[in-house]
Amino acid sequence: MRLQLRTWPDVEGYLGTSTGIIVPIGSTEQHGPSGLIGTDALCAEAIAIGAGERLGAMVGPTINIGMAVHHMAFAGSMTYRPSTLIAVIRDYVMALTAHGFRRFLFVNGHGGNIPTLQSAWYEIHAELRQSGDAAAGAVRFGVQNWWSGAQVKAYADEAFGAAEGSHATCTEISLMQFLYPDHAPVLAAPLDPAVAPHHTFHGPEHYRAVHPDGRIGSDPSLASADHGGRLFDIAVMEAMAAYEKLTTAE
Amino acid sequence: MRLQLRTWPDVEGYLGTSTGIIVPIGSTEQHGPSGLIGTDALCAEAIAIGAGERLGAMVGPTINIGMAVHHMAFAGSMTYRPSTLIAVIRDYVMALTAHGFRRFLFVNGHGGNIPTLQSAWYEIHAELRQSGDAAAGAVRFGVQNWWSGAQVKAYADEAFGAAEGSHATCTEISLMQFLYPDHAPVLAAPLDPAVAPHHTFHGPEHYRAVHPDGRIGSDPSLASADHGGRLFDIAVMEAMAAYEKLTTAE
Amino acid sequence: MRLQLRTWPDVEGYLGTSTGIIVPIGSTEQHGPSGLIGTDALCAEAIAIGAGERLGAMVGPTINIGMAVHHMAFAGSMTYRPSTLIAVIRDYVMALTAHGFRRFLFVNGHGGNIPTLQSAWYEIHAELRQSGDAAAGAVRFGVQNWWSGAQVKAYADEAFGAAEGSHATCTEISLMQFLYPDHAPVLAAPLDPAVAPHHTFHGPEHYRAVHPDGRIGSDPSLASADHGGRLFDIAVMEAMAAYEKLTTAE
Amino acid sequence: MRLQLRTWPDVEGYLGTSTGIIVPIGSTEQHGPSGLIGTDALCAEAIAIGAGERLGAMVGPTINIGMAVHHMAFAGSMTYRPSTLIAVIRDYVMALTAHGFRRFLFVNGHGGNIPTLQSAWYEIHAELRQSGDAAAGAVRFGVQNWWSGAQVKAYADEAFGAAEGSHATCTEISLMQFLYPDHAPVLAAPLDPAVAPHHTFHGPEHYRAVHPDGRIGSDPSLASADHGGRLFDIAVMEAMAAYEKLTTAE
Amino acid sequence: MRLQLRTWPDVEGYLGTSTGIIVPIGSTEQHGPSGLIGTDALCAEAIAIGAGERLGAMVGPTINIGMAVHHMAFAGSMTYRPSTLIAVIRDYVMALTAHGFRRFLFVNGHGGNIPTLQSAWYEIHAELRQSGDAAAGAVRFGVQNWWSGAQVKAYADEAFGAAEGSHATCTEISLMQFLYPDHAPVLAAPLDPAVAPHHTFHGPEHYRAVHPDGRIGSDPSLASADHGGRLFDIAVMEAMAAYEKLTTAE
Amino acid sequence: MRLQLRTWPDVEGYLGTSTGIIVPIGSTEQHGPSGLIGTDALCAEAIAIGAGERLGAMVGPTINIGMAVHHMAFAGSMTYRPSTLIAVIRDYVMALTAHGFRRFLFVNGHGGNIPTLQSAWYEIHAELRQSGDAAAGAVRFGVQNWWSGAQVKAYADEAFGAAEGSHATCTEISLMQFLYPDHAPVLAAPLDPAVAPHHTFHGPEHYRAVHPDGRIGSDPSLASADHGGRLFDIAVMEAMAAYEKLTTAE
C-alpha cells in the first residue's frame, strides 16, 4: 500500500488499524561502469513496496538521495550533507507522527546512510522529548539494510563468494537487472580488473584514487536478472519479518 | 535519460554535450477524497521523464516531498519546512554543479513549492558567489509549472471550465488516471458538493475549516484517463519547450 | 500608530481592541542611476505608516533589508540570504504572537521578497503547529505589494504606459520624489537608453550583464513628485482595504 | 550620507574615497510607562545619521530589532534570538564587504545587543578566514554605545545623578523628547515609585517580577527635550570621534 | 603530548614533523548504579593520553559530552543533539586543519557516538571540498572504539564472559576503578538482578522501561581495578596501533 | 562533587537538595611562548572543582574549547564559531534542566567567551519561554570570570602591577605553574620584549600583527607557582561566593 497511491481517507482508515509505515531510503551515486546510479534508491524502493504489498502495510515516498559524499568524485553522484539528510528524515517523520504514525521501518539500500539515519533518529527523539510532543516515548525506528539480511548474505556467499564485493556488488546489480531489465549498461570492454580493489578510503578524492572505476571489491559481471529475482524475494521476506517485529513489539 | 538509470561514464559523456538537467519536484499531500496523495510528485515525474526521453535530456531523481504545510490537517499529507526544502534543493543543485551541470529546469507539480523553490535559487546564487565557486555566474534555473502552461490551461478551460478548480483539479486527477489506471479510488458516494468551495486560507487548520474534504474549487468527477493522456502530451511538449529555451539561451 | 512611538501600556491597551498589525517590508538595493537605494524600504514604510494612521492600526518597525541577491552586482545593494530573511520574519512574528497579535499585513515594497515572505509564513505555521503554541491555527498573514494594487497599476498604466518598467519604475521613483523631495539624484547626462532593457535574468552577474545600469524596462525620467503624491494616496487606500479585509474576516 | 538616500553610482564613487560605514543598531522594546518602544533604534539612528552628515560618512540602514529577550514580558517588546541577530549582522556585513566596505562602526542604542554584536563579529571573522575571502584580515569592527561615551556619561551624572538609571534612562528619554517632540506619552499619574528599582535579573519573567513597570533604576520625569538636544550633540561628536579612530587606524 | 599542556611554538614545531593528532571523545551519561557518569569521557581521555605519551603524538582536548539522548531518562545524563555534535566535531577539526593537522584518530569511549562521528566526518569532507580548502582531499579520519579492539574484547571474553554486557560493562567499570580508585561508588545493596537485562530499545523512555537501573546486560560487580590496569595497557597499545596505521598510510 | 565522578542515583539524590551546578568553561588557545594552550580551560576547571568540593556543589564537565577566533593565527589554537558555542551551551543546559537543575554558575577562564556565553543564555531563555518548558522562568545563569574577581585583581595589582597584562597574564600563568608544575615551558631565551605590547585588535591576522608572540601586555616571567597557589585559594573563594549568591537568591 503506497501512501502516494492512496487518498487521505484511506490513510485515516489505515491509522485506525496500524501505526506502522515502511520508508524506502537509498542513494543516487555511481555504481561503477556497469551499475546504475539509482541502484540504491531503486532497490530499496522495490523491496519496500514488495513488502508493503504482501503485508498490507503503508509505504512512504522514497528518500532517493542519501549520504554519498565519498562518491562525489564520479560524475552524476549526488549527496545530501549529513546535516541536510537529518533535516529530511526529521521532517519526513514529524509529518507522519502528526497524523499518528509511530513505528517506522526504514528499508535502506545504501550503507553510507546508516550513520546519518541513526543520528536523525536521535535528533527526533530529542526534539519530541523536549517539546512534550504526544509522540514522545512512543515513536520507534528500525532499519532493514536489505543487502545484509542473513538470507541475502547467505545467497550472496553461495552465488558470488568473494566477488560479491562491497560496492557495486553482484547482489545489487543482479537486483537492478531483475527490476530494470531494459536498462542494463552495455560495456565496450570487460571490466578491468575483473574483481575491483577493496580498500579503506578517506573522502571522495581518496576513494577514487584507490577505486578508479568506482567499484569496491566486486565483479559485477557475475550478476544476472535471475539471481536478482531470487534475491528480491528473499529481501522482501526479510523486510517483512523486520516490519512485523518492529510493529508487533510491545 | 534518467540519471538514476545511467552509469557514471554515461553522465560524463553527457556532460561533454550538455550542461542541462530536468528536475522533477512535487509533493506528497492530500488531493481530496478521490485524488491520490502522490499526485503532485508522480505527475511531475512522469512529465519530466517524458520530456527527457524525447529531448535526450538528463532527468534527475524526483523531489517527492514539497512545501505542503497547509495540507497537514489531512491524514497522510507530508511536508518539508521551507528551510528544509531550501537545504534539499541546495544540496541537490550543488552536487550537480560540482560535476558541471549548469542549467536546471524544474518540472514542478505543486503550486505551494514555488516560493520556496525560488528562495532556494537565491540561496544558491548567494552561496556560489560568496564562495567564489566555478559555477557562480553560470548557473541558471527555470521552472515549468506543468498545470499552468498556456496550452494545458487552454485545454483545461475548454474541458472543465470553472470546475477545474485549484486543488485536486480535474487536470491533475485526469493525468493520474492516465498514469496509474489501476489506482483510481472508488468512492462510496459522489463528492458533495460536486464542485468544492474555493477560499483564501491561512495555515492548515483554516484550510480544512474552509475546504472540508481537501479539494479547492474542483469537481474531479469530470476527470478521465482520456483527458489525462491528452494533457500528458501537451504538458510534455510545454516542458520540452521550456527546457530548450533555458538551455539554448546565451 | 507606530509601535516604535508607543509605550508598552499603549500596546497592551491596543491588544484589547485589535490583534492586527501592519508590517512594512522593503529592500536596500540599487534602483538605477536615478533611483535611491532605499526606495523599496522607504516606500513601504511610508505607505504602511500612512495606512496605520488613517486606520488607527499598529505599524511595526520596518524590515528594511530584503531578498535582493540578484542586485548584488551593483555597489551598495544589500541582501539577506533567503534563510536569514525567513529567520528575521519568524522572530518578528513570534515576538508579536507572544503578546497576542494574530493578523499580520505585510506592506511590501520589493517583488523579490515575495517568495521568501511566503516561505516564512509556512515556516511559522509549521513551528506554531508543532509546538502546540496558543497562536497555532489563529495566525493569519496577508501581503499588500503596493505597486501591484489594481488602482496603482491603473494609474501607472495611464501615466507611464510601457515606460513604467519593472525595476526602478516610474511609480516608485515618483513616490520617492514625493517622500524625499530633497534627495532626488541629479544626473550628469540623461539615462541612456531612455527606456531600459527588460530581460529574464539569472543571478546577479547575469542581471547586470543584461541590465547594465540596473533599471529593468523603465524610463524613470517620467517620474515626478506630483505623480508620487497621487500614487501615495492610492497606495495607502489600497493598503487600508487589504488590512480591513484581513482583520475583519472570520 | 545615508546609503538608503543615495544611488549605486554614488556608492561606487564613495568607495573610491573610503571603505568606512556607520551602522545604526537598536532595539524595539518596552521603555517603561513613559518611554517609547522604539527608543533604542531611533536614538541610534539619529545619532548615526547626525555623525554621518557631519563626517560625510556613509550610514547604512538601521537594525531596528535587537536582542531583547529579557523585555519580552511587556507588551510590544520585540526581539531577535541571538542566533538570528548573528545571521542578520553577518548578512548585513557580508553584503557590504562584497562591495569593498571594510570598516564598520556600529552606533548602538541597546546594551543588550553588545554580546551578540561581538559574537557576530567573530562569526564573520571566522567565515571570512575559512573561505579565503578578499576581505579576510582587512575587516574591522567598532561599536559606539552612545549612552556610555565619556562625555554623555559626564552630562548624565551632572544632570540626573543616580536617577539616570540603567533602562528607560533620563538620557535616552530626553533624547527621544528632543527627536520626537510630538510623541511624548502623557501619563495619567506620576510614575510610582519615582525612581525605579534596580536589580539583577534572570530572563523575562524575573525581569518583570523585579521591575514591575519596566524601568530599571531611573526617574525619567527628569528628562526633557532640552537635555535631549544637548545630549544629541555630545553623542554625535563622540560617534564621530569613534568613526575617525576606526577608519584612520592603519 | 597534550595540546593543552604545550605552547604554540611547541605545536608549530610538532607540525614540522607530523600532521597527526589523537582526539578523545566520550560521553557524560548514566552507567548504572555503580558506574560513574563520566566513564566514557574519562576512559577515552586516559587511553588517548596514554597512547599519545608513548607515541610522542599530540592529543587534543577531550570532547566530553557525546550523543546520549537514549540515556536522558536517568538523572545527570547529558547529551548533544546529533546536529550539535556534528558542529562541535566540525569546528574542532577545522580549527586544527587551519594549522596543518591532517590525520585525526578519534579514541572513542561511547558506542552512541559512532554514527554522529561518522556523519561529522562527511560533513567536513563536503565542506572542505566545496570551499576548495587546502585540506580537501588530504584530511583522513579514523576511530578507535577502545572497548571493541580485538585484544580488549578477547580479555573481556575471558575475564567476564557474557556478564560483560553492553552498557556499564565490566570492562569500562574496571578501567574506571583503575583510573579513579577513590571514586568507586559504594552500593547499599547488591545490584539486582546481578546481570542486567539486555534489550533492543527505542528512545530514552523505552530505554529505561526495559533497563530499569541503566545497565545493559552487565554484571559490573565482576569489575576490578586490577582488570582495569591490564585493560588500560591493552587499550593503549591498540590505540597506538590504530594511530600508526592512520598516520603512516600513504 | 564532580558530575563525571558520580552515579545517576547520586545526582537524583543531589537534586532533592539543590538545583545548582557549577559549569567550568575555558578555551584552548595560544598563551604566548611560555603559556600553555589549555590555560583557560584548565584554570577554570580547577577553580570550579575546588569550589564544588568545598561547597558540596555539583560540578559539570568542562567546556574546554571556547570562542577564540582571534587567536587562530597561532598554531594549536582552537575555537568554536560563536554559533557553535551557543549550541554547545544550549544543549549542555537543556540536558540539565530536563533533570531539574535550575541555577547555573559558569566559572569562566576566557574573556573571549563572555559575549557568546551571554548570547547563549538568552537563546535558552527564548527557547524555554516559547516551548512552554517547565524550566521557563526558573532558570538562572551567572558567571564568575575568575581573573576579574575583586580579590584576584587586588592580588594581581599588588604582585604584578602593569605587567599583569591582559592575555597570557601573570595571574593565569602562575595558576598553571601551581596546577601543572611539571609542564612549565622552558624558554631558550627570555621573552622579548619583557612586557608585551597591548593594542586594540581586529580579527586573527591583525591580532598577530600587533602581538607577535601572542601575549598582550604581560610579562609572564613574573609568574610563579607560589603566586599561583595563593591565587587559586582566592579564586576558589570568590567562585564559592558567586555560587552561594546565585543559588540562595529567591
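Order of writing sets the chain letters: A, B, C, D, E and F. Residues in each chain are counted from 1.
Criterion: contacts are C-beta pairs under 8 Å (C-beta built on N, C-alpha and C of every residue); 3 or more make two chains touch, one makes a residue touch a chain.
The structure presented is a predicted model; accordingly, all values stated were derived computationally and were not measured.
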{"item": "Shortest chain-hopping distance from subunit A out to subunit C", "value": "1"}
{"item": "Labels of chains that are neighbours to subunit B and to subunit D", "value": "C, E"}
{"item": "Chain whose Cα centroid lies at the greatest distance from that of subunit A", "value": "D"}
{"item": "Chain pair with more C-beta contacts, A-E versus C-F", "value": "A-E"}
{"item": "Equivalent of A-B within the choices A-C, B-D or C-D, defined by over half of its residue contact pairs recurring", "value": "C-D"}
{"item": "Chain centre separation in whole Å, for subunit F relative to subunit A (CA means)", "value": "46"}
{"item": "Approximate Å spacing (C-alpha centroids) for the pair subunit C, subunit E", "value": "54"}
{"item": "Centroid spacing, where centroids are CA-atom means, of subunit D and subunit F in whole angstrom", "value": "29"}
{"item": "Of all residues in subunit A, the ones touching two or more other chains", "value": "72, 79, 81, 83, 98, 129, 131-132"}
{"item": "Contact pairs between chains, per stated definition", "value": "A-B, A-C, A-E, A-F, B-C, B-D, B-E, C-D, C-F, D-E, D-F, E-F"}
{"item": "Touch list for subunit B against partner subunit E, complex", "value": "94, 98, 131-133"}
{"item": "For the subunit B and subunit C complex, residues of the former touching the latter", "value": "67, 69-70, 72, 79, 81-83, 86, 112, 114-120, 122-123, 125-129, 136-137, 139-141, 200, 202-206"}
{"item": "Contacting residues of subunit B [partner subunit D, same complex]", "value": "129-132"}
{"item": "Contact footprint of subunit D on subunit C as seen in their complex", "value": "2-12, 15, 28, 30-38, 41-42, 60-62, 64-65, 72, 74-81, 83-84, 87-88, 90-92, 95-96, 98-100, 180, 183, 185, 214"}
